[in-house]
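Note that subunit A is present in both complexes that follow, paired respectively with subunit B and with subunit C.
Here is the complex of A and B:
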């Protein structure tokens, strides 16, 4: 495997929990952040990264997660605005090289996809899949 | 003038009322049905029910014609995204955001919001100024904090007593604009000599303010 990366996963819901667990299996240094401690139940027992309770809209929390040295940040909380804010802060304030945000609202995603933030819209992906079932 | 306000706080209510009185065209976007009805009845503003970051609601609120948008919810992330969508999608020329984490003030400006203000920071600095100086009764901040105007009273222990203005070692970016002595205003010249109980109006940049106050009062804390 290539060099181990420092990866921050923001939001430990269904997607965040799976993502963090899988990434930790491939030998990367993972920090997962969530507002609620109970959210970490979503991580599997063999998750080997760090858990961190805090509000990611505060700069000091991101610093504590060592964002200055992060190679990747994935913003996958359930709130579009939180994901878009933390992604922009990571990219433009802390200069994290690779940043991806989950954005449910396709209209909002369209505003941000051309502003240096990579976005993934589950709504759009699901829509395309459903449509391909029909045609 | 067409104004869009996002939020439901007392601030939103009083701003809306004030703007309506000035005959601005005011639209509020609020997510709570009960609060929305209240605001519609009490402010005479148009109220749109929904999220301020929802593009369809912004469209409905007349974002295309708006001159200014103020995002005043209690969530920093919602205020940031509302301002950015307002600018990028609808071309609203002026956007103002309330921030809760004082550190986000600078972050928001870097991310394109024209004006971001933190109530936390403003209140903290008022308290700091009140407790720091007994002899400084009034202070005003201009040009977004780049210039301060301060009212300084000289007590009998001040090292400036008996000196002329040219003898004072104030920094370059400072000026004593006026002296109030026995309730009479004096426009000072270089040879004006300072006396006990003079009130000085000091104009200074915040970086050198401390240093200038020490010259005038002999102490800082």
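Here is the complex of A and C:
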């Protein structure tokens, strides 16, 4: 671990849970936020960060997660709109240096780009993988 | 077959981590050798300490370095219970060696003394008056290390441990920072800061350096081992008593909450339920002791006040230093001390006992049960408790856990008291002494002595361990170890 980063993971689903656990295991300071407490069952004992229950579209929960000092924010809820909103808030209000959002709908990626937010689209990744099976 | 491989992989990890802890215990057991630098004539006791540390260190480091961390499996919380249970038993056994070799205690007595040290209890069977300095330091240092706990030390020292399995198993659930290692570092730094403060304050109050170091260790760890048979009463010095009281209070404060306080968030600190109930119970107990017990007994206000305050804090923080003997106290005084000891100290601190947080949760739950009757049927409302800046809802699961713990605690209390009485001790003495053992407090009415029945000494040792690790770690650890070893040896029930 070169340097321990402060990372906020929004959404603790299948992806969020794994991401948070892996990052925490490699020594980073992680805060996970999810609406449901039961979502945190996906985290294993390798996860040693903070868990906050709350609605991420509210500023107070982000402040509680110390977003002012965050190095990264990963928005990985299952809702594109939520991800977009959190990512924008993080980027433009709190000036988080690195913001990455998951977006399912490839058509929306362009919008994210305009706002200066890095995106990862599982749909597009899957698409490319399927295409490569044919060739 | 798959499950067999899975178990094997997990036990390889358990061995690795236990090895890391063993090496650590080896190092800790060697620390008292530093005393020789100041008292050269104690050189002859050095071999006993080397014997307690070098083999453990070698074995532990071999296990730690030679077993590879598997990529596929990582430590679970259940594995943590096994490791914590094993390492406590090994630590106590190894630290008992110097007591056997230097102070000529038998195995039972030595194990008792080491347990009392590691669990920060403070009951003692060592002849403190004639014990060499290195043994006295060994006792205090055991309490210092036991107060911090293995999880905290290991997480800070052993790199590559970034897992909450250990700290959860040892009952450290409140984290100070969003990574467990960082959190452990902060706790250890705070602990070291308290110790330095304690040593300097005691020295200024009039103790010699050696006594100041030992008592600072024992007070911050809420341990209670003293270097004099009359404990703090030896000095008869109000300044020393005051410093010790402050140190005991610091030691019994939840690390998470004192971190909140150190960061300047005074309001959040005093809003915490645990702090509030502590600030009600302890002063109330002091006043009751003062007016009902010590005033009629000592006739002088200043002495009565000093005794009432000191004994209440000592019992109410599960430390176990004392100023006076309780033989001439009334039954009410004994009852107050027993209650204070049973409640113990703050959660997530160095104290034992039921913990103020649990008492607060029970109080809240009881009040809620009554209030609910008078509320409209469809009212949406939930009781909440404050822990520092965090507002937590009081959910049924939490109340259930506290109630179950209280049940186990009281059952153990009644059984243990019964065992004492069956050996012919009086009702009052048995209750007092066993409460002190169970809550790892360490106040004594003189029953605990080197020549008491071996069976009772073992009962007390086991009780202290159960009390320190809050029952679950030991019970789950033993049950899991036994069933898993049976499975591994006889390939029983693993679908081979």
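Keep in mind that, in the parts below, the second predicted complex is superposed on the first by the 134 of 135 C-alpha atoms of A that agree within 3 Å, B and C clash if a C-alpha of one lies under 4 Å from a C-alpha of the other, contacts with A are read in each partner's own complex, and residues count from 1 in each chain.
The rule is simple: contacts are C-beta pairs under 8 Å (C-beta built on N, C-alpha and C of every residue); 3 or more make two chains touch, one makes a residue touch a chain.
Note that the structure is a prediction, hence the values are computed from the model and not measured.
For the composite obtained by overlaying on subunit A, subunit B and subunit C can both be accommodated side by side without a clash.
Seen from the C-alpha centre of subunit A, the directions to the centres of subunit B and subunit C diverge by 110°, a value given as a multiple of 10 for the model superposed on chain A.
Of the two partner chains placed by the overlay, neither subunit B nor subunit C lies in contact with A:74. Residue contacts after overlaying the shared chain place A:48 against subunit C, while subunit B stays out of touching range. Touch criterion met: A:107 reaches subunit B, while subunit C stays clear of it.
Contacts of A:27 after superposition on the shared chain: subunit C is touched, whereas subunit B is not.
In this overlay, which is a superposition and not a single complex, subunit B and subunit C have their closest Cα atoms 20 Å apart. Those residues of subunit A whose C-beta lies close enough to touch subunit C in the complex are 4, 6, 24-31, 44-50. Those residues of subunit B that touch subunit A in the shared complex are 53-56, 75-78, 80-81, 84-85, 88-89, 101, 103-104, 107, 110-111.
The part of subunit A that touches subunit B in the complex is made up of residues 57-60, 79-82, 84-86, 88-89, 92-93, 105, 107-108, 111, 115.
Against subunit A, the residues of subunit C that register as touching in their complex are 74-77, 80, 162-165, 168, 175, 177-183.
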